[in-house]
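Two complexes, one shared chain (chain A), two partners (chain B, chain C).
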Partner chain A sequence: MSAPRSRVALVSFVVATIAVLAVFPKFAEPYYVTLVLPAFAYAIALLGFNLLFGTAGLLSFGHALFVAIGAYAAAVLTSKLGVRSFEAIVAIAGIVSVIAAIPVAMLAVRYVRIFFGILTLAFGMLFHSFLFKFYNLTGGDTGIRVLRPTLLGQDWKELDKTAFLIGPFYYACLVLALVLGLAMWRIVHSPFGLHLAAIRENSRKAEYLGVRVRTFRLIAFLISAFYGAIGGAILAVNTGQADPELAYWTHSGELVFMTVLGGFANFFGPLVGAFAFIFLKSELMGATQYWRFFLGATLAVIVIAFPRGLMGLASDAWKKATRR
Partner chain B sequence: MRAAVALVAFFDVLIGGVFHASVLFLVAAGLQLVFGVQRIVNLACGSFYALGAYFGITAVNWTAAHGAPGWSFLPVLIASGIVLGAIGPFIERLLRTVYRRDEAFQLLLTFALVLMFQDVLRFFWGANPQQLGNLSMSYGKVTLGEFSFPTYNVLVMAASLAIAVSLGLFLKRTRYGRILRATAENREMAEALGADVKKIYAGVFTLGTILGTVGGALVVPTAAASLDMPVELVVEAFAVVVIGGLGSMRGALAGALVVGLTRALAITFYAELEVLAIYVIVIAVLVARPAGLFGKPVE
Partner chain C sequence: MSALIETVGVTKAYGDFVALDGVTLSVADGETVAIVGPNGAGKTTLVNVLTGLLKPNEGVVRFKGEDIAGIGPVKLAQRGMARAFQLVHIFPALTVAETIAVAVVSQAGRSLSLFGSLRRDAALWTKVRDVAAIFGLDTKLDAEARLLSQGEKKLLDIASAFALVPEVILLDEPTSGVSSGDKHGIMKTLVDAARRAGVKAIILVEHDMDLVAEYSTRIVALQGGKVLADRVPGEFFSDPELIASVIGKRVDKFAAREGAR
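== the complex of A and B ==
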């Protein structure tokens, strides 16, 4: 990435992608536009997830916990507390999630590798069973409805549900994704991000050099919880519902799936993975009732044959094309 | 009179809990065996369990239709679980591609298996839950004063205990068991000393599969088999191995008892706490003893 020519190429790719996403609702069928919304949501959540996994080398298998916290925050704020401002919902969801993440992170960062994964899974399931069983507080398996939020004070009453989602809400999410994406780019390339990478490569060596390993892991964990909740809030507004399935361990598995599908070693991998996963799942569900089988088979092929994901394939192709 | 009621409730919880623990132990033992030797946490253990349950129902119905006597369903269930072990080597062959990779990929590959098995079960047995009537009563009841419970449950507990003991003897006393433990301890050294690690891995994984499928088969006379079974069981099996300590057989036994009894207690007294209580224990154990009750200390 250091060579100026590849930097130019990268920036122009990103600008082109943003331009395509900006005009997408004008040309595409509404169905496909509604698919982009969850892709935005997952892209944001995965930016945070991959700070832990790709940058810090910690695999969380319970990250759906934070997505669910964001979704339930949006639900409680809109249906129970009368807060309708989307900006407030996003901010509060993120903050609540960070607060909830503090005890989880303090415990989890004492572990690495498989134990970290299992402990995060345990916390995710704890929250799931709370959501599922405490019917009076959480609405049990049906969850809580999420009402339409206002954007910058406007309520868009003249638009029906779909028109609102694929119109103003789409652009709100696009802007949010851009801002959060830029922020994450800065985080990953800051001294903090480089410290995390050093910890991933050799935590003992990093410790010798004076890096406070656990503190850095803790901060990364909290940032990823913040991103996860914002993704969850968008997801919940899009479906109009927050339900316990969001916190289930298989949903956490899907987050990992998307990240590896796109390529966890690349900053843009999780973003590509989120879009690819959403469209792949929707196409498979339309084609066959046995879509899970083909989704699983795709994952198996990626894991076995293309562990660097779609971005790995793309960068190989790019290198081949520019070698001459 | 009140004391008698309390006593009956106590026995209910105890028998229910230990029965559930017996089945959980089998699945968790399979998980531990595979983790201990191959270092893979197998999320698909729940899928093997569910496969065992569905296949067991089909096997019992088929043998009954071909004139097998009524009492034969327990041996038929165990045999059907063992027959399913045949899928073990094929899945192990798939996992072999990721042995030297990062744990994240190993976990994800078994997650891919979970997704695929979900639809394999749906393809062969449909989306509706399947049941085996109320066979668990056909062996009669054991009565102890005020209290009675199905003989079948006792037989399952005995079978599970027998499997636990023979697994322990196999690992500790036999030549193959020693080679297996040596491979778990140090793969390269075992290989250098002439152990055929490929065969051992295939064998261990098959044994792990059989423990899961037999566990699933044994539970169908008392509960329906459904498509939620695999992912729900993983949640409990994970709790068992974390409480007991990853890779430890004694840990699987202790963890299964803790989870089984906790679940039975919660269901009897405060159903909202069913999974919550189990996971509170999991987290408490991880805080107090990071390696679990019988696990080796983690780095």
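== the complex of A and C ==
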């Protein structure tokens, strides 16, 4: 039940952002356009991650597991099974990830806080070593190549790799991000989303109000696995490779980083965090070999000074500006 | 009158310690039953058995004729019994309206509506406003629960339980943590709200004998896990020995209070 004025502002902000993203490839240098692709991928993955973290209050430290499943699904489908349709890849990656997530979720949702985090971390590490050791199946440390997919049946043979990625594939990802973003908006603002928030705030009280705490945590977990895999499929198509590093625990850490950077308490926080992280990392890597140091320092400053992240800063600024 | 809730020979032991020892009681439509007794008498265990949280070692516990031993809070809520805790339980970051909406959504069986819009559900918010109005919270609908006063938090906690439209509500020391001046006000609000919401029976765990005397229709006194007495207030309060054993010491203020009327 938000005030109408802030709603108008929100819709205008979203429409403006979509418009900028839609014309971005026409004006920006190709290098920056290629940076937007992983940002789309992470934005989608984090929409799911933050349903679990921001809405339901469960912090997963192993969420890269599902990103990796999506990437390997894209690799196996294109390289080994001859499935080239991007739409089919996205759907299958999501479904495979949900199936893989069922046993993980059934165990993990019995725990909360640090125990949930550690358990998800453990599953992520298990999957990483599986990818690493089962050479015949997974290609070991070199991984599996991801071949160029078709989009709505079109193979875009006339375009070279970069032109394909920053052209048709960019728009496919934009549309996908919009559809999945809208779906997540509905989920977060649905009766189900309200019950997830109740679970986050006080699971005991929620139970006595008839909220099925474990079942709902499980459903949220499966939805987040679905989103994670779709993000992973986009990442893999973008790099042309699925490798075990995608499942490594530092990658899970990056997902947490992006979410905190953008602000987990805000629906758009993780999306802003994904874009900010990708561009920040790229700029820092270009500027100094000590980029990890500066990235770490940034995170420390955010946590200490701006615990609500970039969106927290933005909403404070907005409130200040509209009060007058 | 048929029993809404009944226990027959309920025994609950933790190792060698027997918390409840053959407790038999029933609560019928229209009653407000107070459960009293000194600390350690088994009140909390009894409440946990009555609300299906604990399974008794022996005996049965029935709600509307069905066995509810150990069914857990979610099924309990679905079957029509709500519980409010001694300590205030709120959703700190949710607003008053959202808190009540959590219960309204469960009661309507709509919690699995993944893509339904909450905002556009006018019927939902009408119900939320109605419940909030009963508890005098309708001017604070958009306030976050954590920003309310202690008394308002207590009312919100109980309002959300009422929003389940329960047939029976179990109030575990509803006025604890509230200043003594507000106790009667809150109790009165609760009892009036129960009547308006169509609650059939109230089970009240309460230490304050003034409140017990004023609001209960029957008193069940526990001691050492057994039912010491099960009487109407008039009989209960005319037995000083009984009162003394229930509150752990002999106090004559009840006699004085009755005399003052």
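Keep this in mind: the second predicted complex is superposed on the first by the 323 of 324 C-alpha atoms of A that agree within 3 Å, B and C clash if a C-alpha of one lies under 4 Å from a C-alpha of the other, contacts with A are read in each partner's own complex, and residues count from 1 in each chain.
Operating definition for what follows: a residue touches a chain if its C-beta (ideal position, glycine included) is under 8 Å from a C-beta of that chain, and two chains touch if they have at least 3 such contacts.
Model, not experiment: these values are computed from the prediction.
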>> Contact-wise, after the overlay, does A:142 reach chain B, chain C, both or neither (first, second, both, neither)?
In response: neither
> If you stack the two complexes on chain A, which partner ends up touching A:6: first (chain B), second (chain C), both, or neither?
Replying inline: neither
>> Once chain A of both complexes is superposed, is A:322 in touch with chain B (first), chain C (second), both, or neither?
In response: neither
> Touch check for A:198: first (chain B), second (chain C), both, or neither?
Replying inline: second
> Does the superposition put A:256 against chain B (first), chain C (second), both, or neither?
Replying inline: first
> In the superposed arrangement, which partner chain does A:126 touch: chain B (first), chain C (second), both, or neither?
Replying inline: first
>> Quick check on my understanding: which residues of chain A belong to both its chain B contact set and its chain C contact set?
In response: none
> What does chain A use to touch chain B in their complex?
Replying inline: 53, 59, 61, 107, 110-115, 117-119, 121-123, 125-126, 128-130, 132-134, 248-250, 253, 256-257, 260, 289-293, 295-297, 299-300, 303-304, 307
>> So in the complex, the part of chain C that touches chain A is made up of which residues?
In response: 72-74, 76-78, 82-83, 85, 89-95, 97-99, 101-103, 105-107, 110-119, 125, 141-142, 157, 160-161, 163-164
> Which of the residues in chain A come into contact with chain C in the complex?
Replying inline: 1, 183, 186-187, 189-195, 197-198, 201-202, 204-213, 216
> In the complex of these two chains, what residues of chain B are touching chain A?
Replying inline: 41, 43, 94, 97-98, 101, 103-105, 107-109, 111-120, 122-123, 231, 234-235, 238-239, 242, 246, 271-276, 279-280, 282-283, 286-287, 290, 298-299
